[in-house]
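Each of the next two complexes has chain A plus one other chain: chain B in the first, chain C in the second.
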Partner chain A sequence: MLVHSRGGRWAVWIVFFALFLPVFALPFLVIMVASFATSWSGAFPSGMTLGHYQELTKGDSPHALLTSLVTALVASLAALAIGTWAALGAEALRRRGRRVVDALFMLPVAVPSVVVGLSLLVAFSKPPLLLNGTSTIVITAHTVLVTAFAYQSVAAALTRLDPAYEQSAASLGARPSYVLWRVKLPLLLPSLTAAAGLCFALSMGELSATMMLYPPNWVPLPVTIFGATDRGALFTGAALAVVLMASTLLVLFAVSRIRNRASYR
Partner chain B sequence: MGIRFDSVTVRYGDNTVLDSLDLTVEPGEVMALLGPSGSGKTTALRAVAGFVTPAAGRVLIGGRDVTALPPHRRGIGMVVQQYALFPHLRVEQNVAFGLKARKVPRARIAERVSEALRMTGMERYARRYPRELSGGQQQRVAIARALAIRPGVLLLDEPLSALDAQLRSGMLAELARLHRELPDVSILYVTHDQIEALTLADRIAVMDKARLQDCGTPQDLYRRPRTEFTASFVGNANLLPVTVIGDAVRFGGTELKVPVDGIAPGAAATLCVRPHLVGLGEGPNALRGTVAEVQWRGATHRVFVDIDGHQIKADVRELRTPPALGQQVAVHFATQDAVLLGAGVADG
Partner chain C sequence: MASVTLAAPRRGVPRWLWALPPVAGLGLVFLYPMALVVWQSVSPDSGGHDLSGYGTVLASTGFQTALLNTVWIAAGSTVGCLVLGFALALVIAFVPFPGGKALSRFIDIFLAFPSFLITLALLFVYGTVGIVNGIWTDTTGAAHGPVDFLHTPWGVLLAEVTYFTPFVMRPLLAAFSQIDTAQIEAAASLGARAPRIVRQVILPEALPSLAAGGSLVLVMCLNEFGIILFTGAKGVTTLPMLVYSKAILDGDYPGACVVAVVNIALSVALYTLYRVVLARGAGGARRAGA
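After this line comes the complex of A and B, so read on.
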């Protein structure tokens, strides 16, 4: 404990709740409540109903959820593969080379995602790489955006990995590929799943680049939410947002279960 | 299988961490590389394992030049300080790792794993994970893992330094027994602990400042060190600057009878006497001074005596009435217990 006096501790708790509740917790609560409301004019909503959720089972919403899940799953797995590969490759480089790779993978984070979306749109609008209007371009954009995070978490985990494991394995006669699959990747598994979870969550919520690129048959959930609120269907939008939150959290929870089982020592 | 270092030099940038090492470990021999940290001893071991590439020179294992071979093709067993057991594998899987990597037939793997675990007394722990074992048990598994591949050469890098003192002496005896069971395995044992080196090694190579300083049997290095560094690093030593006069030496105003071994009269030399060979009181080769410090060490007393600005340590059987600080005393040593080191003079 950093704060020792009882009064000091109370003060810290009060400051924490004063900041945390209105900024972090209350908005989520409001969304949840709004998703059940039919009108909200006073301090509290009224006309509680499950109607918005019933609406969601019809129409485009189930497809939008599926689209988001598939996009996020494919993008995060691709990002994990690329990021891990790049991090393993960068590890073997000298300091300057590694810095270049680090900078390269930081680029999609540094550049606004709208710009990433636009640049992909411009780049892939003409043959031979005509991806405009396909689901591939959306998934590609998501992959580009989240690979940076996968790369960074795996690179950080690699620097923490004691080289003695790799060396012991090699001295026992294991070829580099055998060491990679049987020692390095299993030891990195907790970090890999954490990275995958992060990528998945980021991709599930991605809107700005997606808005530049999505074709009519591949509309992810955030775009649907934006559409609903844009045309004034605030409570429907809230219900969609709750579905998006819940499904993301569910997947993250499942991933964290794997991570707990995979963490050693 | 023997190991030979043929003028092996290792550099990190401009920094030479191993300077043209020439050393041969005979088949079946236990060679200790003894030295302080930064002396190049671990670098020498890593050059054998293949984790550092020499800037010059060759490393030979069993007469074969392995300098350019990657680590996994060298056929050595290695145990490192922190054991590096694979935390995601059970004990038996750890021990089987090298065999699987070498594609040994499955039936043979089981046989060799149980043999290695039996030799190290770890059969009962085969199903455990490393995190469920104590430090000493992890150490045994690390040794079993290295032995399972039946290496001709075993490299041990400070293998006991993570254990507490009591466990360490037990493991030393254990290592000695293992080597008796595997008389053909050459062992290169890196340590900074002289007791480990003296107990276990057939020969000791003393390293300092990236260079081999001395090499010989433990008895040889202890009784007849050739350099001041060896004298002070292998066991304790009193080092006194002296001048050779005929068949004796002069220290301050006192003439001392010691074996001169052909050092020219008039030459400066260093006299080395082990503290436990120094007696308190009058005798041959007596030196007089004042008591500067008395340490009680259970079975012995260590008495520090100031003589003409130099300090002499005497380890004597526990005294009923130890001398008081500042008291005038004499210390002495037998002629055959002194060694004269040829080179320059430094104040011990």
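After this line comes the complex of A and C, so read on.
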């Protein structure tokens, strides 16, 4: 306890919430409320309505949501597969090789996402690999961007893993593939699901690289939100943002349920 | 059953071969395109290969303003995040209150959302027809509210401080949880007041996490695009914004690649510094990368 006087503690807490609430709680609260309002230029919103959501059921929004969900699902599964494989492969290497693989897989975090988008445009706009204008290029960009996070969490989990399990399995005559499949991967399952959730959430909200790449028939939700706010439809944008946040949270919640089940097994 | 035989090292493919397929995949979709960006930046549209693209772009005022904007907004945001994050984490860790745990969980959720949502929310609060200006015009009867900074660098700064502060708080909270409270009690019983305890006991312990969190936030601010795109500010051009506008709006790929190379160099250099700081910092700082 740093502050001993009762009055002092209250003063600190009041300052804390005076900073915390407007900075962190207000943004999401404002978006939530605005999505139900018809106008808001005063202390309180006016004209509460479900109209913005009804609007969303028509038009392009359902397709945008589906696009985002498919993109995030495919990208995070691919990232999980590649990241896990790379982390397992790197673990088997000597220290030097492991550091090289580490650096290579963490590099996409350092490079600006816009530049990742640009690089894919430059590389895949001409044959033999003509991906520009397809959904594949968007999914590829998302995979590149989130693989680093999958790699990082699986690699961190591998260093925490007790080597006694695989050693005893191997000493009982289990083949390496059997050890991997029946011992290592089940032990890694909690970290794998956590990584999957993180990758999914990041991909759902990805805007920078997507803005560089999206073809007209594959427009993810963040781009739709930008389109709405850019043409001044702020309240529609807010409703779309709520849809984005809700679907992300729903998937994160489902993933954490799987994770709990996995860790109780 | 030969159950007692210890597993001998199996003959087969060498170990490094297992790491090859994912690295090859990364090479195809990331390293090869990056190399092409560098190649494109020295290949002007007029043909041939030279550094003339760099000369033109680096000398243009548009690029210089963008570079200056990027650096000072990122540096300012980082300082803001460090100060705010340190203060908030200090209270959560050392002046605990009921519900503090729930708050740290809330911060985790915060990190799962995209950055541009902050700008969208700020548009409702500080926009020209937003809440603050609305209250002002309602109470004073003026035609316009006084608040109009969202389209300036200050709006970007506010949004970035809001969004990136949790990235500083997480490693800090991890570091704070490892500080022995007996140390603080001892300092307090020897007559040290709270500011002095913070300065002489807590701050030295937190420095590695502050450095790690700060450099991570600096890199992410340099690379930030969504927040700036959503402010719709024509006056605030940063390097990622310049890459986007050159490539997509102007169709000038060699120019965009030149800016991209500068941006990559800046960010990767700082990110390398971050990894070095992270590797040096012990204990709590190690979790900063999450």
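By definition in this document, the second predicted complex is superposed on the first by the 246 of 265 C-alpha atoms of A that agree within 3 Å, B and C clash if a C-alpha of one lies under 4 Å from a C-alpha of the other, contacts with A are read in each partner's own complex, and residues count from 1 in each chain.
One rule holds in what follows: a residue touches a chain if its C-beta (ideal position, glycine included) is under 8 Å from a C-beta of that chain, and two chains touch if they have at least 3 such contacts.
Model, not experiment: these values are computed from the prediction.
*Asks:* Given the touch rule stated above, what does A:187 touch, chain B (first), chain C (second), both, or neither?
*Replies:* A:187 contacts chain B only, not chain C.
*Asks:* With both complexes overlaid on chain A, does A:171 touch chain B (first), chain C (second), both or neither?
*Replies:* A:171 contacts both chain B and chain C.
*Asks:* Quick one: is A:116 in contact with chain B, with chain C, with both, or with neither? Answer first, second, both or neither.
*Replies:* second
*Asks:* Classify the contacts of A:162 with the two partner chains as first (chain B alone), second (chain C alone), both, or neither.
*Replies:* In the superposed model, A:162 contacts chain B only, not chain C.
*Asks:* Have a look at where A:88 lands relative to chain B and chain C in the superposition and call it first, second, both or neither.
*Replies:* Once the two structures are laid over each other on A, A:88 reaches chain C alone.
*Asks:* If you count the residues of chain A that each partner touches, which comes out higher, chain B or chain C?
*Replies:* Answer, by number of touched residues of chain A: C.
*Asks:* Does any part of chain A touch chain B in one structure and chain C in the other, and if so which residues?
*Replies:* Common interface on chain A, chain B vs chain C: 170-176.
*Asks:* What does chain A use to touch chain B in their complex?
*Replies:* By the definition above, chain A touches chain B via 162, 164-165, 167-176, 178, 182-183, 186-187, 189, 264-265.
*Asks:* Okay, in this complex, where on chain A does chain C touch?
*Replies:* Checking each residue of chain A against chain C gives 1-4, 8-9, 12-13, 16, 19-20, 23-24, 26-28, 30-31, 34, 40-43, 82-83, 85-86, 88-90, 92-93, 97, 101, 104-116, 118-124, 140, 143-144, 147, 152-153, 156, 170-176, 198, 201-202, 204-208, 211-212, 222, 225-226, 229-230, 234, 237-238, 241, 244-245, 248-249, 252.
*Asks:* For the complex, give me every residue of chain C touching chain A.
*Replies:* 2-3, 5-7, 10, 15-16, 18-23, 25-26, 29-34, 36-37, 40, 84, 87-88, 90-91, 94-97, 103, 106-107, 109-110, 112-118, 120-125, 127, 129-131, 133-135, 137-138, 161-162, 165-166, 181, 184, 188, 194, 197-198, 219, 222-223, 225-226, 229-230, 232, 239-240, 243-244, 247-248, 253, 256-257, 260, 263-264, 267-268, 270-272, 275, 289-290
*Asks:* Across the complex, what residues on chain B touch chain A?
*Replies:* 49-51, 70-78, 80, 82, 84, 86-88, 97-98, 101-102, 129, 131, 145-146, 149, 155
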